Amino acid sequence: MQDTITTAMLNAAHAEAQRMGVKVCISILDAAAWPVAFLRMEGTILGAIDVANKKARTAALFQMDSADFAKIGHPNGAAYTLENTNGGMASFGGGLVLKAADGTVMGAIGVSGASTEQDIAIAQIAANVLKA
Amino acid sequence: MQDTITTAMLNAAHAEAQRMGVKVCISILDAAAWPVAFLRMEGTILGAIDVANKKARTAALFQMDSADFAKIGHPNGAAYTLENTNGGMASFGGGLVLKAADGTVMGAIGVSGASTEQDIAIAQIAANVLKA
Amino acid sequence: MQDTITTAMLNAAHAEAQRMGVKVCISILDAAAWPVAFLRMEGTILGAIDVANKKARTAALFQMDSADFAKIGHPNGAAYTLENTNGGMASFGGGLVLKAADGTVMGAIGVSGASTEQDIAIAQIAANVLKA
Amino acid sequence: MQDTITTAMLNAAHAEAQRMGVKVCISILDAAAWPVAFLRMEGTILGAIDVANKKARTAALFQMDSADFAKIGHPNGAAYTLENTNGGMASFGGGLVLKAADGTVMGAIGVSGASTEQDIAIAQIAANVLKA
């Protein structure tokens, strides 16, 4: 990802969290799941750092949003224990696949620190930057 | 935390466990989850060392008691797999957030080795030192 | 650290690397060595991710620049094997302690991807933001 | 080790560090290298936590003070790479074997945070408790 796009996504997520009045960690990975950018807003609980990273990692490794992954990698899902592979996946929302306007997978983003619904919404704002 | 407060908490938990006639590990972390103090009473099962540390770590990283964390980080909770983040969290009681009298988070304490109810009670005695 | 300061440091380091024509990773940690911000410029070698993090971690944990740490944590230093503690420290330059204008330790920054001299210079530009 | 002895050693080391005006971590392990007690004095650099633990672990695993271990586990020693075994040993002083008055190995203590000479002196004060 070009630096200008990375920075634009990070700033968009940050601004949306500020608008909502919540504190989150934002983690952006490339398509090979290597770190590209990260921001922890001041006052975010420390546990959210690893959670944001794992949400993004889940989306990158399985090319599906972590909320969808949760339907299969779960004690009640079709592939229970899948969530324990790859160093531990996140079986709840807040991790999104990042796709370019033409559908190319560019990487993934994970947001954690607010409610799961808010985390998803913030991640979506950043993902939309790629489709502009 | 001042050394005198740390020592007072460790001693208070130790005395309470002796009063109950149980053997426990007591782990005190600062607000950033770094170790401050630890004591394993003679005869405590070795498995309790890591458990006490993880209970305290859970409380520090998510700023909630580990018994409350168990409601969300659990196969039946809203964020199943959250318990697998951050090196493994403790989804059962015995980890408490340590707060000063004015509500400031000072760190966390974890107790393990006795029953969960006893572990919680011992940790609470230590936590009360900060409110005196 | 306030979000505005974090972002200003990240942008300052990024701009300096662009000016030099080099590709680097920039890692900013708080005083307890927890991640605050990270950026990998497009095209930076993957090995630089962990190196930038470890440089910053060295500076945070020992409250000294990694170039100074190298003098003691080294086969020829007074505390050989110190470099193998804490998950592995960085015994070469590019990690700087971040201090406010009044000397308070705010955290640490690590830069990796260019020459050691360039990494140090880029980190210094970011560190200067705190003294403005 | 009886709890009263453990506590006496921890307190003796703590008091000596205060007398010297230094900040240290004190780590006490049993003869099987499992944690017994730990104290980080307020203001001690975070890197000293793992260093104190590793010094004590070195003394426990090889039943020799870490300053003596340094003579063999070193690039110039007779068993270079020995220092990389067992998760990483400490090839510098501050880890002492704890022995009862009759010579029985009780465990080990590691001190870190001050100069190596001071760390050794503080650990010795604690070790002397067992010989009283």
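For reference, chains read A, B, C and D in written order, and residue numbers begin at 1 within each chain.
One rule holds in what follows: a contact is a pair of C-beta atoms (placed from the backbone, for glycine too) under 8 Å apart; a residue touches a chain by one contact, two chains touch by 3 or more.
Everything numeric in this text was worked out from a predicted model, so none of it was measured.
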Co-neighbours of chain C and chain A - touch as defined: B
Computed distance of Cα centres, chain D from chain A, in Å: 43
Cα-centroid distance, chain C relative to chain D, in whole angstrom: 30
Inter-chain centre distance, chain B versus chain D - centres from mean C-alpha coordinates, in Å: 25
In chain A, residues with contacts to at least two other chains: 46
Graph class of chain-chain contacts, one of line, ring, star, complete, other: other
Touching pairs among all chains present in the structure: A-B, A-C, B-C, B-D, C-D
Residues of chain B touching chain A in the complex: 32-33, 58, 60-63, 75, 78-82, 84-87, 89
Residues of chain D that touch chain B when the two form their complex: 1-3, 6-7, 14, 34-42, 46, 49
Touching residues on chain C, where the partner in the complex is chain B: 30, 32-34
Parts of chain A lying in touch with chain B, wherever the complex brings them together: 45-47, 50-51, 54, 70, 73-76, 83-84, 88-92, 116
